[in-house]
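Take a look at the structures below.
Same chain, two partners: subunit A is paired with subunit B first, then with subunit C.
So, the complex of A and B:
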C-alpha cells in the first residue's frame, strides 16, 4: 500500500493511510496527552487532550479521531495546544470531587499524572462540589461518580470487548453520569458479568474493587489491548 | 544581608503540613541561618507581624480563618498556600456536599459517642463555620502554591530556600509537584 507523507512537528514521516494522527505519533514516540483513548477500543475524542494543530485548519482537531491525509502538516506542541491542555486538566479537577488524599488510585492515577505533565499546581476555576452518588451495591466493585471524568472507557470496554453493555451514559453537560443498565443499582444489573474489565480500563479511582483501600489500586489498562490482540490470533 | 522573617499559619487543616515542615529535620538549621520564624503554632505570638514569607496550611472554613487570611495578605510579602487543603480544599471541602446543619449534627448530635445527649456548641467565643469551605486562592491573591497531602518535606525546604535566597521556585521544573 502506498504510504502517505506527513509532517509532525517539522519532521517528515511515512505512514499508512487510514491511521489516526495519534497512532502515527505513538509509533514514533511523539508524546500526545490522552485520557479517553484506550488501545483496544474505539476512539471517541471525548477528553479533548490530544488536540493538534493542522496547517490550513483554524480549529484544533483531536488526534485520536482524525485520520492522516497526504502532506498533512501537524503541530503537537504549540503554546495554543499547551494552553488548552492545562485548561482541560483544571476543568477535570474542578468539575467533580477529586480528593486525591482519600482516593484508592492515589499515586497510580492517570488524572494525577496528567496534572503533573501539564504542570498544574493549582486550579483557576471555582470548584462546583456537585453531590455525586457512590454505588456500592455490587458485591465486589464500587462506582464512585465523584472521581469520574466521563472518558467513557468503561462504557466502550463493556460494550466492545465484553459485549455486555452494562454501562452507558445519561444526561448532558455537567449533569452527565455513567449509568448501569437503565440507571439502576449496579448490584441489580442483569447485563453485568462482573468481569472487571471496566475497573482496569478506568483511568482514575472511579471504579475499584472493594478489597482495597486508599492508595492501593493498581490498574492495568493494557490488558484490554492484549485481549483484543489475542482474539485476532484466534480469528 | 537582612535576616528574613517567616510565618507558618494553621487554618482549616489537620496540621499534617506542619508535620511535613518538621520533617525537613536538620535542614531547619539552614533555614535558621537566613531567617527567623516569627509566628507559627509553636511560637507564642498572637497577631501576625510583617513577614517576608507566610506558609499557610489549610482552607478557609470559618469567619476567623477569613479574617486571619485577609490580615496575613496585608502583612506578608510572599503568601504560600501549603498543601492540598489550602490549594484545592481537599478533605476539608468534603463537607461542602452537605448543608452546614447536617455537618454539625453528624459530629455533635448524631455521633454514637454522644449517647443521644449531644448538642451543638454555641459559646460566643467560638468561631463560626462558613456554609462552604473554600481554598485560599478564592479569597486572596496567592503568590505560590505547594500542593500535596501532605507536601513532601523536600518540596517545602526547596521552596523556602529558593525564596530565602531571592529566587523563584519551580515545582514543575524540579519534579516536586504532587497531589494527595
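So, the complex of A and C:
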C-alpha cells in the first residue's frame, strides 16, 4: 500500500492511509493527551483533549477520530492547544467530586495523571458538586457517579466487546449520567455478565471492585485491546 | 399516472375553478399563530353563518396556512379581492358576511391594520407590510387549502417534478440548482447545488434524502409554517432532490411539538402516493421515490445533521465528529442528502423559472429570498419573506410598522441561540449571510427578534446561554460543562456579584467552548454572549463590582471577615 506523507510538529512522517492522526502520533511517540479514547473500541471524540491544529482547517479536529490525508500538516503542541488542554482538565475536576485522597483509584487514575501532565496547580472554576449516586447493589462491583467523567468507555466496552450493553447514558447537558439497563440498580441488571471489563476500561475511580480499599485499585485498560487482538487471531 | 394524466387532472381542476360554481371564496388562516388566537372557532362560526343565510352554494370557505401578520390574528381573507380582516371574533362574523358578501363593500374598521394605520388598504397586497416582501417560498401559503392536493395542482403544483422527470437529467437538475446559487436555509448557508453534486458523485445502490424539519430555535416558526401551509411544495422539492442524487427513499424529520405539521405532511404524502406522484415509476418515468415521516422528540441538538441521523436510526440523538460528512456516510452508513424545509421549498420555483431568475434576486453572495419569523417590540410581527440584502431598517420600520409604543430600537437578535445581536448603529445592514457574520451574528434559520431600550443585553445573553446549557446533549466536555459554567458566571453578573476577573474568565471560556466543542451547538453557544460583549460591553462593565467599591459590599452577618 502506498504510504502517505504527513508532517507532525514540523517533522515528516510516512504513514498508511486509513490511520487516525492519533494512531500515527502514538507510533512515533508523539504525545497526545486523551481521555475518551480506548484502544480496542470505537472512538467518539467526546473529551476534546486530543484536539490538534491542522493547517488549512479553521476548526480544531480530534486526533482520535480524524483520518490522515496526504500532506496533512499537523501541530500538536501550540500554545492554544496547551491552554485548552488545561481548561479541559480543570473542567473535568470541577464537574463532579474528585477527592483523590479518599478514592480507590488514587495512584492509578488517568484523570489524576492528566492533572500532573498539564501542570494543574489549582482550579479556576467553581466546583459544581452535584449530588451523585453511588450504586453498590452489584454483589462484586461499585459504580460511583461522583468520579465519572462521562467518557463512555464503559458503555462502549460493554456493548462492543462484551456484547452485553448494560451501560448507557441518560439525560442531557451537565445532568447526563451513566445508567445500568433502563436506569435500574446494577445488581438487578439482566444484561450484565459480571465480566469486569468495564472496571478495567474506566479511567477513574468510578467503577471498582468491592474487595479493595482506598488507593488499592490496579487498572489495566490495555487488556481490552489485547483481548480484541486475540479474538482477531482466533477468527 | 403518467404525464398526460396529470395534465388532464390539472385542466379539470382549473376548469372547475374558472367556471366556479361558487361566487365567493373566503380563507380563514389556520396557521399556528391564528389557531392560538381562536381561528378554528371563527372557521366554524363562519360556516354556520353562511349556512344559516342559505349561502352554501355561493360561498366556499377554506382553511389556509399562515397569511403573515400573525399577531393581528385570527385573520380572514376575502380571496378574490385580497381583502383581509384582522382580529376577527365570532361576534363580528355576521356583520362581515353581510357587508362583504351581500352588500359587496368591506367594513373599513375591521380591515387589517385598521387600528394602527390612518387608512387601511382594501387590497392587502398594497399595504407596506406585504409590498416590501417578495414571496417565493411562501407564495401559496395562505392562498390554498394545504390539505387538498388539487389546490396545489392548480397553483402549478408538481409541475417542476414533471419537468425534471420528463425533460432533465440529474446532471441538468444539479446544474440548475448550482446556477441558482441557492444556499441551505438551515443555518450554515452551504451551497445547495454543491451539496447535491457531492452526494450524486458517491456511487452506492442506496442513498437517502432527509428533510430537516426539527426547527428547535426558540421563537422560530418558519419551517413549521411552510410544512403546515404548503406541505406538497416540500414533498415536491424532496422528490426532485431524490431524482438528482439518485435516491429512492426520503425521510422528513419533524419535531413532535408540531402535530399539525406532521398531520398535514402525512396527508400530503398519502395524497401524492394515491396520485402516483410518489411511489414507483413516477409520472411514467422509471424514477421511484417514497417519503416517510419521522417524529422528533423536540431536542434542539437533533436538528444537527449527525444527531438527526442517529435519531432516525433509533439511537440516542447525539452528534458524531465530521468528517465523514453525511454526504459520504449518512443514514445507515449510506450517502445522504440533508437539507432544510425552506431549502426544499425553494426548489420547484427554481426548476420552473430557471436558476438564472433565482440568482438575480438578492445579493451577489446570497441569492434568493429568506423567510424570517419577525417578533419582539415591533407593531406587526409574524412570518415574512424578503429578498436577501433587504436592510434591517426596512424590515423593522416598513414591514414591522416601527417600534411598539414609539419605543427606541436598541438591537435585533438574529439566529436565536446560535446567533447574535445587531445594534442600532447597524440598522442599515443589508441582511445576507456575509453581512450578518461580519457583525458577529449569523443568519441562522431565520429567527429575528427586535428589542427596544428596555431590553437588558446581559440578560439576553444569559437567557440564550441557559437554553444551550439545557439543550447540550452532554456528550463532549466543553459544551456540557462550559455552558453550565458560563451560565453561572452570567447569572453572577446579572446579580451584580461579579468582578472583572469573572468577566475575563467568561470571555476565555466563551472562546474555548466555541473552538473545542464537538458540534455546532457548543460551537455557536457562545455567540450571543460574544456578540453582546462586542456591541454592548459597557452593560457588562457597569454591573461589575469595582475595586474601590469593595468596602461597600454587604457581607451577610453569619460570615466572619
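Definition applied: the second predicted complex is superposed on the first by the 235 of 235 C-alpha atoms of A that agree within 3 Å, B and C clash if a C-alpha of one lies under 4 Å from a C-alpha of the other, contacts with A are read in each partner's own complex, and residues count from 1 in each chain.
Methods note: a residue touches a chain if its C-beta (ideal position, glycine included) is under 8 Å from a C-beta of that chain, and two chains touch if they have at least 3 such contacts.
As the structure is a prediction and not an experimental result, all values here were calculated from the model.
Of the two partner chains placed around the shared chain by superposition, neither subunit B nor subunit C is touched by A:203. When the two complexes are overlaid on their common chain A, residue A:84 makes contact with subunit C while staying clear of subunit B.
Of the two partner chains placed by the overlay, neither subunit B nor subunit C lies in contact with A:221. Within the superposed three-chain model, A:115 lies in touch with subunit B and out of touch with subunit C [touch as defined at top]. When the shared chain is aligned, subunit C comes close enough to touch A:48, but subunit B does not. Contact with subunit B, but none with subunit C, is seen for A:102 once the two complexes are overlaid on the shared chain. In the superposition on chain A, A:126 makes contact with both subunit B and subunit C. Counted by residues of subunit A touched, the larger count belongs to C, out of subunit B and subunit C. By the touch criterion stated above, A:171 is placed in contact with subunit C alone, subunit B being left untouched. Residues 124, 126 of subunit A are contacted both by subunit B in one complex and by subunit C in the other. Contact residues of subunit B toward subunit A in the complex are 81, 84, 87-91, 93-94, 96-97, 132, 135, 137-138, 142, 145-147, 149, 171-172, 177-180. For subunit C in complex with subunit A, the touching residues are 299, 301, 316, 320-321, 323, 469-478, 480-485, 488, 505, 508-509, 512, 515-518.
By the touch criterion given at the top, residues 93, 97, 99-103, 106-107, 112, 115-116, 119-124, 126-127, 129-132, 215 of subunit A touch subunit B in their complex.
Remark: subunit A residues 44-48, 51, 59-62, 65-67, 80, 83-84, 87-88, 91-92, 94-95, 124-126, 128, 149-150, 168-169, 171-176 touch subunit C in the complex.
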